[in-house]
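The block underneath contains the structure these notes are about, expressed in structure tokens.
Lettered A, B, C and D in written order, each chain numbered from 1.
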Amino acid sequence: MSFIKKFIERETLNRRNFLLASAYGMGGVAALGAFGPGVARAAYSDPTIAWSYRNRTNPYWNEIVSGGEAFVESLGKSKDALTHLINEGSSEKSLADVKALLAKTNGELALAIDTNDAPNCRPIVEAVAGAGGYVSTIWNKTDDLHPWDFGDNYVSHMTWSDEGPAEQTARILLDAIGGKGGIVHLGGIASNNPAIERLNGLKNALKDYPDVELLDAQPADWDTQKANQIMSSFLTRYGDEIKGVHCANDTIGYGVLEALRAEGMSIPIVTYDGNPQAVELVAKGEILATVFTNPHWGGGITASLAYHAATGAFKPSEEPHEHREFYGPTILITPDDAVEFKKNYIESVPTYDWTDFWGPAGGQIMYK
Amino acid sequence: MSFERIKTHLPWITLVLLVAIVGMADANFLRPHNLINMAADIVPLFIMALGMTFAIYIGGIDLSAQSVANMTTVIATVALPVFGVGAALICVVAGLGLGALSGFVTTRLLVPSFVSTLAVGGIAYSAGQYLSGQRALYMNAEMRDASFGWMVGNSFGIPHEIFVGGVLVLAAVFLQNRTTFGRALKAVGAGEPAAVASGINVARVKIMAFALSGMLAAIAGLLFSVKLSGGSPTIANGFLLPAIVAVLVGGTPLTGGVGGVVNTLIGTLIVAVIRSSMLYFEIDATQQQMVFGLVLIAAIALTIDRSKMRIVK
Amino acid sequence: MYELRKVEKKFPGVHALKTVDFKIGRGEIVGLVGENGAGKSTLMKVIFGAYQPDDGAITIDGKTVRFQNPRQAMEHGIGMVFQEQSLITNLTVMENIFLGYEQQFVKMGVINWKAMASAARMQLQKVKLDIDPATVTSKLSFAQRQLVELAKVLTLEERIDGDLVILLDEPTSVLSKEEVELLFKLVRELRSRASFIFVSHRLDEVIDLSDRIYVMKDGAVVDVVETDNADVDAIQHKMVGREVNKEYYREQRQKPYQADKTLVKADGLGVPPRYSGLSFELHPGEVLCLVGTEGSGREAILRTIFGLETPTAGTLAIKGEQIRRFSAQAGVAHGVGYVPRERKIEGIVGGLNVYENMTLSQMGNYSRSGVLRIGEEKKLARDWISKLAIKTPSEHKDCGGLSGGNQQKVVLAKWRSGGSDIMLLDHPTRGLDIGAKEDVYEMIRDMSEAGVGIVLVADTLEEAIGLSHTIIVLKDGEVQKRFDCTPGSKPSLYDLVHYMI
Amino acid sequence: MRSYLTRDALVKWAPVIVLIVLVLFFALMEPRFFSVRNFARIGISSAPALMIALGVTFIIIMGSIDLSMEGTVSVCAVAFAFAFIAMGGTLASYAWLALPLALVVGAAVGLINGLVHVKLRIPSFMASLAMGFVGTGFALLLTGGDRIRVEDELFRSLLTVRFLNFPIMVYVALGFLLIAWFIQSRTTLGRNFYAVGGGEELAHSSGLNVNRVRLMGFTLAGMFYAVGALLAVGRIGIAETATGNNFMFVSITSVVVGGTALWGGIGGVWNTLVGVLIVNVINNGMVVIGLPGYVQDGVLGILVIIAVVLSTDRKSVTFVK
């Protein structure tokens, strides 16, 4: 497990670097502010609304998109009015697409985006702000980048604090195996922020369970088939030692479940994201817990924030910091409440008030 | 006869045609500012494609380019605080070394480049994972500006990436047309046995071609990481296939000895135009990839000069 | 029975066939000769169905036919034995023989290998070749492959009821003398069943085998000669349209070489199993000819001297310097030039133009720190184009588009202009027409005069005898005999053949 | 003569020897690797990959290349799942028709791929690369990004029911391997692949309709991709646009590792079986012996190079590209 140890060491190192970086970061922003006023134009009456995201093959992004479309429809437009930018996991395409759209719309743009990789966030925000557009981001952003350094144009950033909920699912898992034995973790793409946080959550929980050993943790890249193969290899290496599985998201969980099914085995697993299929599996008891991050709301509200800032309905720079950087909602789903949850959130999608920007939000983002 | 003459010009005719078509749909597209910015944004991809051109020109392929670029974004970010501008040198040397390794495995160990470069790419990917501690890193903004600010600034309304790309293109054109290495490259691509029988050190030429490819992939990664002000072992994902496509669409087929650097420049621009045309024509999100493939087939069918390929495999 | 009447064929810029009349009767063997570019191959492709004529008629037994592709021609009994090896080397002999006609052995979608093997054995018997039909073709010798090709064409016998016409395109170019005789014997036996069209550059063979000879020049048939009163000189005259020099091999220009100096010295050199125990010396101005059958090791010796093969025994010294690392680069650096047999593959680079090809082996001379001086390259090319009378519109022309003779001149110019004083010539006149051959002979004498040492593997024995100062006869990789070939006391064909076999 | 024969034999068996050495190596490092249960796991992960690699083997023998498999597999998987669920959702109903339908879809996609290559005279590398984009795009268009669960117990028995310790899908894969072997060795089409790969122009002048052979080859490959898609769906019970992901590089690497030459004419389905097993043994073994995730790509790369080096007949190759 030396690699995990190294991992943690590195992390603390990076944190130190970050402190330095954010201190210097102010200088860069000041320079940017210099041309800020020049581009701060009057509010747009009908900006193009766009969502930029990774792909359409993952249910999570489909939920995000459905939220975005619901918001657009709430404005009385057809859902085709939402422009989609799909980056297919390429930061390069993500940036190029955004710039192309800025050119096309002449900056009259309300953009909601996950920038795919944290470092990609800065150039995108700078490009949007430079062209006079408005952008709200989710998930990926480097810690030294803050909406309030860009006046009104960088409207908001929302992320989900995954450590806490991941710790909660881990505790459910660890309790289910009776607080002793071995477990394994299958993670997302190793360098992705959520993947790191979700593994950290597990580690936090493990501190209280001295008799449980984390046998192995390997990245499954959010991919069902890869998770399936890794899980079956884990079964060879650890066999019956594995008493439980902690998965970084639902799609990984599906692969793990099938690997277990192939062996006729059934051991407790927990996942993350709260996709409808996963909720179903929680209701059936095949998954012990998942965490719902309400991507539908996230998709809608992110677009809404950018849109309303662009139309001048509210002025982001007058909002407090906790309205510019905030955590999204998380709901833990366990077999006890799965059925009810399904009724409330999946079988009928709740109608949200897309101008209640911060109602369900979970407070200002805290940096470590 | 006249068509014969047009053939060699088909790639740029295709490019102009595409620009015109998109321009007709939305005149905004034709604004110089937009075209310049589009060109600037494609530069990292172009640099990778430029390197790939050398590998494809000798009839090989370099599938390690993306992983090498990934790795160099990490190296650049990690090395910047310690070495400053020297980080660039480390990146270039790392890319050169891995490319040479691919070349060595291909020519000396007789492993087809499709597999050897894929394997070396795996090594680069692991190196990137290890060096980054498997997380996204970001550069200190001031250090970045001090060491590499010149790469991403703006002069006379023209982004500096264009100058970087331009210098590399000129260097590559010079290398291709005016140096013994370029000539040897062409000879190896067009007729390897004859090159051997003329006393050309073919293995060395090939290793150098792959090394160049690796080096340019590293420069692509470096520029990208400066542009993004950070690095991650996966951040250059999605570069590989567009880079290959750019080379092929430009009219450098995999048979070797045909096409070249300028073709790749045109090919990359074609890819950029096709990509932004999705936005201008407002192609539905779920249809974009399919449309991209179809337009690609049309573009390749238009641009490749079949008369120089004896057999179409 | 098979007849072409007033056949025309035009390509862009070329009138390839001009009102050609051609006919062949049952059991006849017809020769077809002409210089390169005279239209022989176009005519054959028309006969074989690879080209469709623009005008004129093809008739078989008086009925007009029109072939869209080779397969249709085959179905009318017309088969072709190709000049270039046309067997697919990774397939077995029987698969090659029945390629495209496997259906007869297929039942319910399954190939019956046993049936195919026995059928193939029957075909091989026709050409008196006793090998296992399941042998992979790459393991056969060139001569065996040639016979398999013939056997393959002879499958038409069973498949077609009517008469057969078989085209033999330069079938003897890779065969040794006795193999040629075997082939001719076979062809004569088979004429009871088929007619043959025999195409060759070797006029003596054509006269030997054929009943009638069609002579082509510039896309037209200029004469039809009955063999009984055929005369090599007369036919050559018609082909070339000018008098062929009696002193064909330029023997009058053969001067003694400088025996006191040594360019190449081999001592016990060997690359087993190809050749071994080879010792010789090459002097300035000497033409040293290696004679032997296919597979006697001649080519491997040339490749060793050039550096493409590393010997496992003996030593090789070039200009007094012991060679330790064998590579083509080292060879070139020592002033060795190599004119390979596969001109289009190893000689020139198709896709590079004339000047690029000429400087390919000596780019160092035309560059400074890696940067080429293209102006000088072009000047060099123009010089040599005029010096060797290379027919090309300009030095910018793609070498792949030149004719065989001119390609060969470019290869020679490449080495000579680079100052190579040891030349290794492997079949330098192979596939060239007479005019081009004479140019090559002239150049060999020129080089010899200039003090170049030449190791030659000749296309024919006559060529070897005519050109060389010294002949080394090889058999199975071992030196059998050394002949001194001073003009006036040259060995005879018989002398050589005696040691070759 | 004797030494010649043994060299030939060595070349022929080299990939198998590499596989055995790898198995022994991993078994030594971690005894639990060497167990029937683990071999079954390797079998499960190999089965879909084997089908796809077999398809591309035919193309590679012809001297062409096919990069469209990811798209084709996704299209077939999605088409199958939609049809299966629309027609009843269990093999016990008419929904079994979805199985042959998937093969037909695979053949059709393969045929289109071949037509683009042959009729537009675009080299197969480019044609199939672009067709891969089209395929994935089409699958996305069909699903709109949703995943389709195939939960029929009968269909999933591919994975869940075992016979002699191995699940049924392994036997299905072996069955199709035998079919591929039959096609390769006993049918005209199979032999014609070798003829085209050995010398396309020569084959053409022997009266072979090379273009037809190519089209049939791509069609056949498409059908094998479809079988691969069915097994992939059988393995995880989900059909989606991403079902085909990662198959391209893995399958071609497997084919090369098995000893089939990328320039055509050499190799065959048994080589591919060995190649697929080598790659999957490495992947499984690395996790089993506990290599950290971040070094696995590098180690895989190094082992693949070694495997190819050992299984290449170096004397038959003068240069590679």
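Following the convention adopted for this analysis, a contact is a pair of C-beta atoms (placed from the backbone, for glycine too) under 8 Å apart; a residue touches a chain by one contact, two chains touch by 3 or more.
Please read these numbers as outputs of a predicted model, since none were measured by experiment.
Visitor: Return the chain pair with more inter-chain C-beta contacts, choosing between B-C and C-D.
Guide: More contacting C-beta pairs are found at B-C.
Visitor: Measuring centre to centre with C-alpha atoms, which chain is farthest from subunit C?
Guide: A
Visitor: What whole-Å value do you get for the distance between subunit C and subunit D if each is reduced to the mean of its CA atoms?
Guide: Computed from C-alpha means, the inter-chain centre distance equals 44 Å.
Visitor: Averaged over CA atoms, how far is the centre of subunit A from the centre of subunit D? Could you give it in whole Å?
Guide: 35
Visitor: Quick check: how many Å separate the C-alpha centres of subunit A and subunit C?
Guide: About 71 Å separates the centre of subunit A from that of subunit C.
Visitor: If I count partner chains per residue in subunit A, which residues reach a count of at least 2?
Guide: Only 56, 65, 190, 219 qualify.
Visitor: Please list all residues of subunit D that touch 2 or more other chains.
Guide: 140, 144-145, 293-294
Visitor: Which parts of subunit B, given as residue numbers and ranges, touch two or more other chains?
Guide: 129, 134, 193, 196, 286, 288-289
Visitor: Does the chain-touch network form a line, ring, star, complete graph or other?
Guide: other
Visitor: Go through the chains and record each pair that touches.
Guide: A-B, A-D, B-C, B-D, C-D
Visitor: For subunit A, which residues are in contact with subunit D within the complex?
Guide: Counting only subunit A, the residues touching subunit D are 3, 55-59, 61-62, 65, 190, 216-219, 223-226, 228-230, 232-237, 239, 254-255, 258, 261-264, 277.
Visitor: Which part of subunit D faces subunit B closely enough to touch in the complex?
Guide: That would be residues 62-65, 71, 116-118, 120-127, 129-138, 140-141, 144-145, 200-201, 249, 252-253, 256-257, 262, 264, 293-302, 304-305, 308-309, 312, 314, 317-321 of subunit D.
Visitor: Using the touch rule from the top, collect the residues of subunit D that touch subunit C in their complex.
Guide: Those in contact with subunit C are residues 182, 186-188, 191, 194-195, 197-199, 202-203, 205-208, 265-266.
Visitor: Which residues, counting only subunit B, touch subunit D once they are in their complex?
Guide: It is residues 58-60, 63, 67, 105-107, 109-116, 118-123, 125-127, 129-130, 134, 192-193, 196, 202, 241, 244-245, 248, 253-256, 286-294, 296-297, 300-301, 304, 306, 309, 311-313 of subunit B that touch subunit D.
Visitor: Which residues, counting only subunit B, touch subunit A once they are in their complex?
Guide: The contact residues of subunit B facing subunit A are 26, 28-29, 31, 33-34, 37-38, 41-42, 44-45, 73, 81, 129, 132-143, 145, 224-225, 227-239, 242, 272, 275-276, 279-280, 282, 284-286, 288-289.
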